[in-house]
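Chain naming follows the written order as A, B, C, D, E and F, and within any one chain the residues start at number 1.
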């Protein structure tokens, strides 16, 4: 028993320099929809966040809601349509999106955080994101795509977020926004997280998703890159090593760092307490991306 | 390795409710001279204190300096004299006491805390304790004992202590005081710690010494009392179970709790990281004494 | 149009001394379940609360959920049982109560406040109320009543509430609590509000319900008492003028004032913006109860 | 009566979004001498300011004193001399200016604000404005004009102003300044207001004077421009539509906005509570000038 | 010159322990009307106050206005009437009192403080003192005396005073008050100062008047008492040594100390910089009265 | 005696405008090793610093330790080696440097400040300076010089310094640093002071050394320059008037001012209380260097 006790103490002591380094700093976490599907993964992750909050890190959490929304659509008899991996959102869909992401997904996250004694408060994206309708030209066909009620953040009202984190509260943010005429829009959760991280110039932006980080070879976990500079990232992209579904996320990493965010982490939300281990122990378990300077 | 990582996470998560409960509260630690004699014990203890500081506990540290002072006396060619276990302090002795406890003992404690990245600052007792000369009548002979420059705190100037802990600094306090005419006095370190704890109405007062806590049978560690109320303590004393060298310390425990201190802990400084384990894990390793209400 | 403008200005100016008097003070509002049944009444009331928040009053809101819970019971196939007007709560019921009051009622209140740009955050009673099981002896039969999971607050953890109101956030509190062994209990919402008001020593405690205030003759609105001292209240009770369903509420008014709450108001939530008019205009529309001094 | 009550509530509710938007922001008001001549206008205006202060707007007030100074001159037997509409101030005049504007005009404003329970405090310009003597070359004659003790602000000591508004106090500022050698100078009140607004980077600068705002046709109130960008203002000037006495004021509007002031308003001080209506209702009654971005 | 420089340094160093001891503490100064009659004395005194403010003492100043008011009465053709040394104040008188004490005396004090770069702000007594009409029974005749508009403070609204001193501003307070019906009353300045000192529990209350302090023999300055406890004061009164005009002032000293004021000083305002010398040098020049404990 | 008292008052009053001007501003003092050799000079200087701290100036103290270190080297049997006036620091030397400068020199400074009731706390350079090894090319020989453990600050962690000065504590800083691999380095104390001054953008940087300031003719004290702009300094250098040992110090003056430091002062630490006189009296006794604007 004595031995066990000493091992426990060793773990706490190992965490000490990380706690000292990060307390008082702002960490923005984007939690992907897939992580939220497995209740145990989600709860483990939120306990990690409660821990970060308890040791004085100012955590902001932005979450998606992918599968829950698709289920909500199904229940409402609306067919889901995706272009370039992004949900096209008609006027019926946006009501389902709002209802599901606010009343189910967000409420659940807040409730689990409260269960673990963290002060958490839902802060819906439409309270802080001012958006414009997303209108892209399709690369191949050249026609203008109509994403419906999908918005791009053009302004972020950070005052409420700062008030909350300064009071020790974790704001749990939904990826919604409002455009000038007051209409509600859906925002891609990665985009919302990156926009908020940039507006707040946070110390760390962490994407928690269902990949282990950045792999040189996606089939071999041993090829995980633990740390790389954005210039190296650029080279990897050019050499074609990194690609596919990771590309948009990596682009927002680069964009965020260039806008003043300190570091970006990619963490695997399927692994138990990966966030805690990435932040508070020597064996970081994901990939960190840092500026060149 | 994965398994190890999960165990690490478990220890951090186990600490979470304790961190949540104690952050922002004031804990006053009295570290006895004997603990300070073994460098490894002292360093382990101070790392624990750095951890407490890092997670937002406001730590105040009062230390003694027994053996270092005796060595200093020897070097200065002064014979140490004790009455009822308390050092009689002549005018030559008090100079040695001041020099040893400030420049050696206190400086060493501050230096180790800084090494572990805690903001620590020496705060000498003569900056905060106003004392009167201790004058007791000897129980047997009836004569008034002359302890020389041994003082009893009659007033504690807590303003500087509060300023420091509010700025995140650990005040490292020497058990000295000054009487109205400006003369420097030695104070028994337990007495100094209890006086400061009472004046600040701290949440916890922890005595770290070279005993494992309160034992029903001093020869059997299995008889350690983990938690008891002051009324029970009274009964144990009356029944003669507790006695000897522990009596004065227990009296100051009772006095402190009656003056508004939340809890008193007795922790064994010889055991590695006992303080951390007592405060942040389920298996408390010492004795806690609480009020009857 | 000019005339209209001047009238508008007059109303704002009339509100000025009330804003000056109440800004910075804490007002605890208990909103009864019946008020929450009529969406328009509820929204009007919450807009009033957003106004109070905007002019610097620190509002805390405690709400009941009577009819919504009864509907939830019905849906779950549990029969509602009442003793002395208080819901008996079995182990199945408490799950329904928690789910309905948190996920429906509370979420709805928070959502409407946010719609009107007030920073609001749900704060569930089990985060702040420590309860003991309610066990009364029935007056007539002499047998001990078993209310099931109905608790009485024995301790209120006000720290989170103060943090929120100091950050400009309206805490929206559910009448739940947890006893020492961690079990969830239901609390009568009036009791919860009064306990919180006492623990926080608020300036005003306002009961918003479906009565116009205190009437000398319940059938004649012209007999509304605008202001009375608690000693007069005592006399009215003794003379039998006031009685019936109002008695328990009036008892908690008296108890709250005796515990240091400044004033208690009874306001009619069915009347449009009655709260705003009671607080910010000359024509108070409910009853205020004040101490004798 | 019920109907009246509801109308009152409607006015307060209409003001809600404006209060939410402006609380905590700094608004600098310049009140022209002509407005101050009519006691009723002045009192109405100051009540509006007390209202703004009460709902959490940080108001700074700079006032002129034109006619009162001219009367003071007359009493002192000094002839008033104006060049380009600006008072030439000899060494006798500056004494009269100081006495009248401090002891009469400023004292009166502070006194009325206090009467309406606003915390107000006189802050004389010579405490905050460092000036240089104004020396212009006359456009026609080419000779250097000697304005006497008329100064141009070259530095503004904003620390005291910020301390006051952060303590909830309205600083009431006289348009005076001191040059390096300690001599007192008169400053044009519009110039002083604009200089202070720029130095503090206030959210709004409001000129309250005896014109209804910016009119396309000065003889037709229906041609009032409610909102225009500074680029449009430039075009109006070039086209000759706007001109005459308004030009210098409009130039300081442009200059202020270019230096970081959020918005400039022109409000008619002769109209009862025009300020309140401009700030807190849908029907703004003056002209607002905003940046092009 | 070198020698002079060293002497200068010595004076500053002598002041050091006094500055260290008093910074952050609240000192309430009552300045009597007679001191204010001699411009040089008044200016010297106010420079001393500016110094106290500069080194971090929180100064509150209450002033009388005796002779200026009498002159004002004379100008207004009203005869001054005194009973027991207190001005009887009819309805015409109270208007003169208000005008003279606010617009002349108070404005002058604020203006001189500002000249010496202290942030000062007039705070009229009617903003903070709630009074009741003074009604005494005459000792000899037994009839109830009618003092007219002379009030006794029954409540003191200290919030504004604390806001000002916390912002580094010196509140300059006139001895006026308002009773429940809104009527303005005159208050004896000693009484007002003592009431405010008690309500704020200040560290020091200093009466600056035209006596050198407390003398054993009023004809011999060498008999000045530098320091005495309130019990000794009692004995002096009983023995008849102290008496006459000093009695009421000494009674308010005793009352203030018993209500929690730390110390009371009597300082001679006719002596140049006596206040500075009393507070910041070894040679105190007046009398200090302290509690018995 | 009366006359003496008045003179004392005059000195305090003379200091008033300087106290008003400097309170709240940050002053960084570099105290050279030679000044620290004469105990009386050091104590006088530290009393001056205690005074500055007491009147609200935020003092940061960086000290060297030249001669004490040389003595320490001698005792340890290590020969001191200097290149271009800078100590070459081998691996044995750096241990001696650390021990002497922390345990002797710094401890002594802190102890004297505490004796004079100033809150002071040692803050070792290795807690705040991140350094790189100094590697210069020798001007004449062209070879790369190896200074050993001599570092140049590349980053300064100012957070702890700001926390201390905001809590009223004087940080007493040793000129040490740590490079990325954790090794301890010595830093030239002038360089350390200038780097910290730049990182904190302090109002004043004061070099206290054993020269009277900047002299046109080093042999004639009458040629002391009291104030000069950095452009003039440049000209003096070019004309060869200023040169020799002063050059490196003057270069860091220029660099500091260009990086945003308000003013740099050169003060003679051998003259009693020169610092106090330079800061708080009309007769500044050293040289001040200011920017050209």
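One rule holds in what follows: a contact is a pair of C-beta atoms (placed from the backbone, for glycine too) under 8 Å apart; a residue touches a chain by one contact, two chains touch by 3 or more.
Keep in mind it's a predicted model, so treat the numbers as computed, not measured.
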item: Given chain A and chain F, the chains that contact each of them; value: B
item: Separation of mean Cα positions, chain F and chain B [Å, integer]; value: 38
item: Distance between the centres, which are taken as Cα means, of chain E and chain A, whole angstrom; value: 63
item: Distance between chain centroids, defined by C-alpha means - chain B, chain C (Å); value: 48
item: Two or more partner chains touched - positions in chain B; value: 117
item: Topology of the chain contact graph, where touching chains are joined (line, ring, star, complete, other); value: ring
item: Cyclic ordering of chains (reference chain A, direction chain B); value: A, B, F, E, D, C
item: Residues of chain D touching chain C in the complex; value: 1, 5-9, 11-17, 19-20, 23, 47-48, 50-51, 54-56, 116-118, 272-273, 276-277, 280-281, 283, 285
item: Complex interface listing, chain E residues touching chain D; value: 102-103, 107, 110-111, 114, 117, 119, 121-122, 124, 127, 160, 163-164, 166-169
